[in-house]
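Same chain, two partners: chain A is paired with chain B first, then with chain C.
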Partner chain A sequence: MSDSLAALLTALADDELIIGHRHSEWTGFAPHIEEDVAFSSIAQDEIGHAAAYYTRLSQLGHASDADRLALGKDTVDYRNAIICERPNGDWSYTLARHWLYDAADSVRLEALESSADHELAALATKMRREERYHLLHADTWMKRVAAGPVEGRTLLITSLGSAFAESAGLFEPIVEEEAAIEAGWLPAPSHELRARFLARTAESLEDWGLPAEVHAGLDRSAEFVASSSGDLIAGRDRPGKDSPVASHGALGGRRGHHSEDFKSLWDDMTSTYRSNPGAAW
Partner chain B sequence: MTYEDKLARFNAHIDGGGKVEASDFMPDDYRRGVLKFIEMHANSEIMGALPERECLPQAPTLLRKMSLAAKIQDEVGHAQLLYRVAEDLGKSRSAMYEDLLAGKSKFHNVFHYPVQHWGDVAIIGWLIDGAALVTQAALLDSSYAPYTRVLKRICSEEQLHLRHGEHITLMLASGTESQRDLFQDALSRWWLPIIHFFGPRSNVEKDLLLRWKVKTRTNEDLRQEFLDRYVPKVLELGFMFPSPVPVESTGHWIVKDQDIDWAPLEAVKKNRGPETTRRLAARRDVYDRHRWVREVLAAPFTYAA
Partner chain C sequence: MTTTTGSVTGAVWAALAGVADPEIPTVSVVDMGMIKKVDVAGSTARITILPTFTGCPAVPIIKEDVERAVSSLEEIEAAIVDFSFEPPWTSDRITEEGRSKLAAFGLAPPTGKGPVLITDIGLPKVAICPFCASKNTSIDNPFGPTPCRSLYYCNACRNPFEQFKPV
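Take a look at the complex of A and B:
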C-alpha cells in the first residue's frame, strides 16, 4: 500500500465522480434533445471512470468498496478540483468546463499511461479511448459556437473566462506529489502537465478565433501564491458576469478545501447512501 | 374518387387488418387523432424524464447512478424517435415542444406527481414502467405502421427498464426496515395515479382511435392485465395497497370502478396536477435561456477542420 498512490487515485476518482455528477444533472434536462442523449453518455462514462479508480483504490486496502469511497466519506476527504463542483450554470459554462476538463484529462491520461502502477496505466489506456470522443464532442461544440451567431459566442467567451481561471485547480499538486513522482505513480509533475494543457488549449483558441485574453487572464488569476497560513491559494479570481463561479479560489480542492457549492452537492449526492449505512441497494 | 369513396376504402382496409403509412391516404380525423396520440406519448417520454432526474443525484451507489442516468437517457431517446414519427403527420417538433411548454398539450398523468426519495425510483421503474409496457405492447399491432416500428425498439428498451425497476424493488424489499418503508411510502402515494394511468373505461362507440385500430384494446382491459400481473407480486413482497384496494375474484384482481376517485385525474387532465406547473416552468426556463443554442444549431456550419 502506498499513500501517495492512494492520494493520486483519490484525486482522479473524485474529479471524475464530481464532474460526472454535474454533467448528469443535464440528463433529461439539456437544452436540445439530441444533445441530452449525447451528454448523458459522457456523464455516465465519467462516473464509470470514477468507479474504476475507486475500485483500484479499494484493492490497495483503503476501504471495503468503491461506493463507500465515493459516497461514504466527509466533504473534507474529497480531493476533486473546485471547478468540477461548480453548478452547471447555463450551457455555455457547461460547455467551456467540459472542454477544459476533457483537455486536462487527456493530458493527464497520456502521462498516466506510463505510470509505475500497471493497473493505473492500463486504466488510463482504456479511458483514453473514451475520452477521445469526449474531446471530439467538446471540440465540435466549441467550434460551432465560436463560429456561430454573436449571442452564443459572447456567452461562451464570458464562460471560458471564469472556467479557464478555475482550470488551474485541476493541476494543483496532489498531496504527497513528490513521493508519487519519486515512485513513478505520477510520471510528470502537475506543473508540467499544466504547461502542456495550456499550450494545447491556447492553440485551439487561436484556431477557433477565440480571443487570447480568455487565456491570458488565466496566468494572473491562477498563480500559486502562498497565503499567510502557508496554503497555496489562487492569486486572483476573475469570475465572469452571470457565471456560476462564486468569489472563491480555484485551488484547495486537492487538500480537501471546497467551495460552498460542494456542501449542497455532497448533501444531495450522499443523502440516500447515508440514510442506511451499510445497506445494499 | 370522392372523399366518401376513399373513406369507405380506408375503413375496409382497416377492418381487414390493413396498416397505414405516413404517405397513404388517411381521413383527417385519423391523422389528427394519431398525431395527438403520438404527440402525447412523446411529451410523456420527455416529461417522464423529470421525476427520475430529480432522484438521480441521490442514487445510492455508483452503479445505480449510471444505470438510472442510462434509463433516463433512453426515455429522452424515445421522445426523439416519437417526435419524428409525429412530425411526419404535419406538425413540427418545435411546435409540439412549444405547445407542451405552454401547457396546450398533454402528457401522462403519472408525471404530474412529486417524487420524494429512492422508493419513488423503484415504483417508477417497476410499476409505472410495467403499466406503460402493458399499454405499449398493446400498441405494437396499431394500424399506424410508422408508430409500431418505433414501438418495437421502445418496448425492448422498456423491458430492460422493467428489470432495472424490479431489481431496485427487490433490494428495498429485502433490505432494512427503513428501506422497506421507502417502497411502502412510495406505493401508498403512487397507487391511485397508477390506476388512473390507464384512463377511465373506454367508450367503444365514440372512440375513433379504437374504431380505426390505432388502439387495439380498451382502457379497462389493459388495467385488468396490469392488475393481474402485478398485484400478486406486490403482495408477495409483503406490501399493502392503499385505496382502491384490489380484491381477488374469479381468478382476477379487481379494482371496482366505484372505489376509484377520479377527481385527481380530472385536475391533471387540465394540466393542474401537483407538479405540472413547476415542471413545465423548469423546462420553459431552460428553453428560454438557451434560444442561443438553437440559433447555433440552425446556423450553417461545415465540420471540416
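Take a look at the complex of A and C:
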C-alpha cells in the first residue's frame, strides 16, 4: 500500500482519537450537566471517526485491526498534533481549543471530500455532516462568552492566544506530504489548508467582536510554549526538522514528538488494552 | 431449486424488515433507510449497510443481528454484511413508516424533505412534540444519549423528548 496514504490516515485518526479522549475527560466533570452530555457525545463522535480511519488503514493491509492501530502502539508512534493532547485546563481553554480544532477539521474534511482515495473521500463527506454539530456547539459558546461578562471574555481571549499558537501543529505537514499530494490522497497542501483556516477564523473573530491579535500567536508558534494554564511562555525547545526535543512546542506531533502531557494520557487511554491485547471488550 | 433469485432477494428484504435498530427497537434497519443494497448469488446474500452515524456504537450489533436474521432463511447459507459510507446516510432516508414509528417511540423524526445541504445542517427551529404535537417546545441540548439524538422539552405537555438530528 501507499506509505503516504497510511501517513495521512494515521495523522487524521490520531488527531481524532486524542482530542476525543480529552473531551471524554469532561464526562462527569463538566461545569453543568448539559455540557457533560455535549462533550461526552462529541467525544464519542471523534473516537468513532478515529475508528473509521483506523479501519480504513487496516483494510489497506496496514495492521490487523483498528484497536491495535489506536491503542497497541507506543507514544512515539502517534502522529496527532500536540494541541490535541494538551490537558483540558479550564473551561476557557477547553472551548478555545474545541472551536479551533473543529474549525481546522472542517477545512480539512472539505478538502478530503475530493481525495483520490475513494473510501477516504466518502468518509470525509459523511463525517463533515456530523462535525457540523460540533462546530455549531463551539460557535454558540464562543459567541456567548465573547459577548458576556468581562472576566469570562478575558479568560477566553487569553486561551485563544495559546490555542491559536498551538493550532499550527494541526497544519504541520505530514510525513511524505509531497507524495500524498502527488498521488491525490491529500488534495491540498497543509499550508494552503492553514491559510483557509486562518481566513475563516479571522472572519469569526471579527463577527464576535474578539480581538484579531489572538491570531498573532500563530507566527510565533515555534518560539512560544502554551502551558495548560493558558499562559504563553518562551519556549526552550524550538522544534527543528530532526530535533528529538520538540516536545514542548506546538510542532513535532506529525513526526511523533509529543509533550510531557502525552505520557499520562497514553497510560490512561491504553491501560485496558495493554492489560489484555487483542481481547474483545 | 424451486425459488428464483428474485424471490429470495424479497425474502432477504423481509428478514431485514424484522431486524430492529438496537437503540430504537420499534424501527427496523429498513425503516431507517440503512440498507444500501442486497445481492443474492446462489445461497449467499451480501447486504450493504449505511451506518447512520460514523461513530454509532450499535453498528457491530446491527451486523450480528442482520447476519443472524438473513442466514436463518432456508434459501440462504451465508450472509455477508458490508458497511459503506457512500452515499452518506442522510436523515431523509428514513421511510414515512419509520418516521411514524419514531414518533410513537417518543423520538421526534427529522423534519424536511430531501437531503439537507451541508450549510443547512442544524436542529429544527421548531420541533414538534411527539407526545402532544405541540410546537411550543424548547431545546435543552443539541447532544443527547446517542450521537443521533438531541434533547428538547415540551412546554405544553411538560415532557422532555428527543429529536432525531437532521444530518
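Everything below uses one rule, namely that the second predicted complex is superposed on the first by the 255 of 281 C-alpha atoms of A that agree within 3 Å, B and C clash if a C-alpha of one lies under 4 Å from a C-alpha of the other, contacts with A are read in each partner's own complex, and residues count from 1 in each chain.
One rule holds in what follows: a contact is a pair of C-beta atoms (placed from the backbone, for glycine too) under 8 Å apart; a residue touches a chain by one contact, two chains touch by 3 or more.
Keep in mind the model is a prediction, meaning the values are calculated, not measured.
When the two complexes are overlaid on their common chain A, residue A:137 makes contact with chain C while staying clear of chain B.
When the two structures are aligned on the shared chain, A:37 is found in touch with chain B and with chain C. In the superposed model, A:261 makes contact with neither chain B nor chain C. By the touch criterion defined above, A:54 reaches chain B but does not reach chain C. Contact with neither chain B nor chain C is seen for A:192 once the two complexes are overlaid on the shared chain.
More residues of chain A are touched by B (comparison of chain B with chain C). In the overlay built on the shared chain, the residue A:152 is in contact with chain B alone; chain C does not reach it. Touched by chain B in one complex and by chain C in the other are residues 34, 37, 40-41, 44, 47-48, 51 of chain A. Listed in rising order, the residues of chain A touching chain B in the complex are 17, 20-21, 24-25, 27-37, 40-41, 43-44, 47-48, 50-51, 54, 66-67, 70-71, 90-92, 140, 143-145, 147-149, 151-152, 155, 265, 268-269, 271-273, 275-276, 279-281. Listed in rising order, the residues of chain A touching chain C in the complex are 34, 37-38, 40-42, 44-49, 51-52, 118-119, 122-123, 125-130, 132-133, 136-137.
In the complex of the two chains, the chain C residues touching chain A come out as 53-57, 84-86, 88-90, 118, 121-122, 140-145, 147, 151, 165, 167. Within the complex formed with chain A, the residues of chain B that make contact are 46, 49-50, 52-53, 56-66, 69-70, 72-73, 75-77, 79-80, 83, 93, 117-118, 168, 171-172, 175-176, 178-179, 282-283, 286-287, 289-297, 299, 301, 303.
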